[in-house]
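By written order: A, B and C. Residues from 1 in each chain.
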Amino acid sequence: MFLSNDITQNTEMLDRHVVQPADPQHPTILSTEDLHVYYGKKEAIAEGDLRFASNQITALIGPSGSGKSTFLRSLNRMNDRIATVTGRIMYRGVDINQPDIDVYEMRRRVGMVFQRPNPFAKSIYDNIAFALRLRGVTDKHALDEIVETSLKQAALWNQVKDDLNKSALALSGGQAQRLCIARAIAVKPDILLLDEPASALDPVSTSQLEDTLLELKQHYSIIIVTHNMQQAGRISEYTAFFNQGRVLEYDTTSHIFTNPQVQVTSDYVSGNFG
Amino acid sequence: MINPKTQNKIAIGTLYGVAGLVVLILMALLGYILISGLPQLSWHFLTAPAKAFLKGGGVGIQLYNSFYLLILAMLISFPIALGAAIYLYEYAKDNWVTTTIRTAIEILSSLPSVVVGLFGFLFFVVKLNLGFSILSGAFALTFFNLPLLTRSIEDSLRTIDTTQREGGLALGLSRWETVTRVILPAAVPSILTGVILSAGRVFGEAAALIYTAGQSAPALDFTDWNPFNISSPLNPMRPAETLAVHIWKINSEGIMPDAKAISSGSSAVLVLAILLFNFAARYLGKRLYKRLTSA
Amino acid sequence: MKSTEQLEQQLKRHSKAAKLEIWGKVVSFSALLLIVAVVVAIIGFVASKGLATFFSNHVSLWDFLSGKSWNPGVTDAHGKPEVGALPMIVGSFLITILSAIVATPFAIGTAVFMNEISPNKGAKILQPVTELLVGIPSVVYGFIGLSVVVPVTRAVFGGSGFGILSGTCVLFVMILPTVTSMSVDALRSVPRYYREASLALGATQWQTIYKVVLRAATPGMMTAVVFGMARAFGEALAVQMVIGNAALMPGSLVDPASTLTSVLTTGIGNTVMGSLQNNALWSLALVLLLMSLVFNLIIRLIGRKGRLQ
């Protein structure tokens, strides 16, 4: 592999590096303790210990295959069927990685947006209203209002307000991804997990999406996986660097970018990687 | 040893010949059915009851029975196949139980339809005392239809991207809600195509029916829609010879003077119906898919 | 810390979604179980009926499989019932093997043409035609056999025209579309670069087809042929209409003969439930069922071997 021996040792030293978000205005909302993820016998994540600050954006970066997506998907237990996740995931003081946690209620609070936009084959309106209806919101006015606010928060309202009954599959990539964000925030989550949400988008849509995320952090705590360094630098307060299933470094984004402690991180953020 | 280039020419020429011959056989077959059958078709033929010993009967009751049985069989088999396909594709883990179940379904699909019919005879007609009836026939057709319909629905579910499922789950929906509210609506065009195609198979099936729905078509009173009356077309307990069974029966009994003409006409009706099912499946599938995806 | 407890309570409450999930699992699994129950019931019922001949009526299995005289109502010189199923078993196998032998070259040739030589014509003409023909009901094939094949056989070979030959002709046309379309699938699964690599080495198209493509597609093609044989073996009405229905050892291909399915379709309605005559028919059905399991097994074995390579 590309890692030389001394850097591997370096890794061992730092792999339990955990930062407490320093700012008392943004207390920890979610943290992982001694988290391990296994695919069958193969360990995909070893000791991922991180704390996430509320109403901030935390970026998870690292080369592909480093486990950042696996880690993110473990946070709202989307990997339950395919992987074994051990350790604790503390959400506001409650371990949500216990078997008796109702994953459906938990996922409503910890929402997720995926790499490829995945609007449902329904109208724009129904894409958002649909999950609410299943949760018993039937009042037309209430639904209308939530649809409107969600679309506004996702910065899509102005483009689609006259086409709410049109199929969501006709939207462009960037619009579809915003719709997915609107859909996720319509159920009023606490935390929003985003798995490389801009990787399938063009540069203009990407930058619009970033603006939206910066707005959204007022209401939601955001954890975003990205392979785009600049993106992490532009929008996140904190950055965790993943490599080979381990968190090598976790700090404020400015610190990670200007003063990385580990050689691999330095190589990666400066683009001399692989 | 012939030169490879010559060899190549000969071989490819032969393949052209084989393919041409196959097309010729198949076209001749189709042509024969339509050319000998279409002249028989008339309003009278399609609506009049059959006559056993005289010329000039129709296939009205048989045609009606075929459709009634088809609809009943589809009504019974669709929900079962749907449930089974959902479990297999959405829930089943990759373990020995699933493998065993899949094997069982495969076995059912490979059973000769006459065996399915005999089982229907033994179980429904004799054991449950349903007699030769629409109901017995519908159950036999259901068994015949289930494995293929299950597989076809499972294939339809497979065409819907996993990201759609993740989208539903991430909103805090159960897998069941996701499947029934997101996946199934999106899979409707493809499921419908599969259902119509399997309907074509069911429509032409005879071996499973001769000892379940029976080989007689009692006169029906098309003004009486009370399902409890014996002459009502809706009565599920009456024996009901279908069009396909009719073709077999008049040819093996040989007492109907115009059996050949009636069989030609009936064959044409069957083939046309199946052609129609095929086109309808393609057309509706495409149409629905367009409606679903366009604005 | 009160809010934490409250949150924990909320998160541990069984939500509506969780209840629906259990409901959905139960409902869909029941449907699946029902299908499995049907399979078990079919095998169980047919087996118990079919074995009654041997256990209740004490017919020896060997007599059943090797006896050449089928007349279950009559007892022979030794006072044993005449339940020799060999004529039907031979009839079924003969007709299956012959139709597969005739259909295979045509099916594979057509499939190669459709997939390798002229994909355009294949997709435009052959594909729709084969798809349509798979759907034509077997009674229609039987009727055409009766009104075309049987008279032609009669004119050419004399006799009644009914027999194995007519049955083979009908089954050949019946299984042709099935075997063809499955062979096309087998060819389609051969990766494109196999062909490109061979052609790039200077092989002619035929050499590529014969030495590379067909070889790679062999397991799939064998599956297609076995599948066609299973269909031929189990086909009832079309065969019954043209074979002549004489439960005799076939002396030649143009003498009336019978198959397991043909005897079943004509016989089951004319016997009394529970009688030896009836049980003997169920034994034929059991043979039919076992053979379909054997075909299934063969297809699996081919699939497994194909994967290993």
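Everything that follows uses one rule, which is that a contact is a pair of C-beta atoms (placed from the backbone, for glycine too) under 8 Å apart; a residue touches a chain by one contact, two chains touch by 3 or more.
As the structure is a prediction and not an experimental result, all values here were calculated from the model.
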{"item": "Steps in the shortest chain-to-chain touch route ending at chain C and beginning at chain B", "value": "1"}
{"item": "Chain occupying the most central position, where position means C-alpha average", "value": "B"}
{"item": "Taking each chain's C-alpha mean as its centre, the one farthest from chain A", "value": "C"}
{"item": "Chain pair with the greatest number of C-beta contact pairs", "value": "B-C"}
{"item": "Where chain B and chain C are represented by their mean Cα positions, the distance between them in whole Å", "value": "17"}
{"item": "Separation of mean Cα positions, chain B and chain A [Å, integer]", "value": "48"}
{"item": "Distance from chain C to chain A - Cα centre to Cα centre, in angstrom", "value": "53"}
{"item": "Overlap residues in chain A, where contacts from two or more other chains coincide", "value": "104-106, 134"}
{"item": "Junction residues of chain B, two or more chains touched", "value": "172-174, 177"}
{"item": "Residue list for chain C, restricted to those that touch at least two other chains", "value": "17-18, 21"}
{"item": "Sites on chain C touched by chain B in the complex", "value": "17-18, 20-21, 23-25, 27-32, 34-36, 38-43, 45-46, 49, 105-106, 109-110, 112-114, 117-118, 121, 125-126, 129-133, 135-140, 142-144, 146-148, 173, 176-177, 180, 203-207, 209-210, 230, 233-237, 240-241, 261, 264-266, 268-269, 273, 282, 285, 288-289, 292-293, 295-296"}
{"item": "Contact footprint of chain C on chain B as seen in their complex", "value": "4-5, 7-8, 11-12, 14-16, 18-19, 21-23, 25-27, 29-30, 32-33, 36, 79-84, 86-88, 90-91, 101, 104-108, 110-116, 118-119, 121-123, 126, 143, 146-147, 150, 172-177, 179-180, 197, 200-201, 203-207, 210-211, 244-245, 247-248, 251-252, 260, 263-264, 267, 270-271, 274-275, 277-278"}
{"item": "Contact set on chain B toward chain A in their complex", "value": "161, 163-164, 166-174, 177, 181-182, 185-186, 292-295"}
{"item": "Residue ranges of chain A in contact with chain B within the complex", "value": "76, 78, 104-108, 111-114, 116, 118-122, 130-131, 134, 163, 166-167, 169-170, 180, 183-184, 187"}
{"item": "Interface residues, chain C side, partner chain A - complex", "value": "1, 3-4, 7-8, 10-18, 21"}
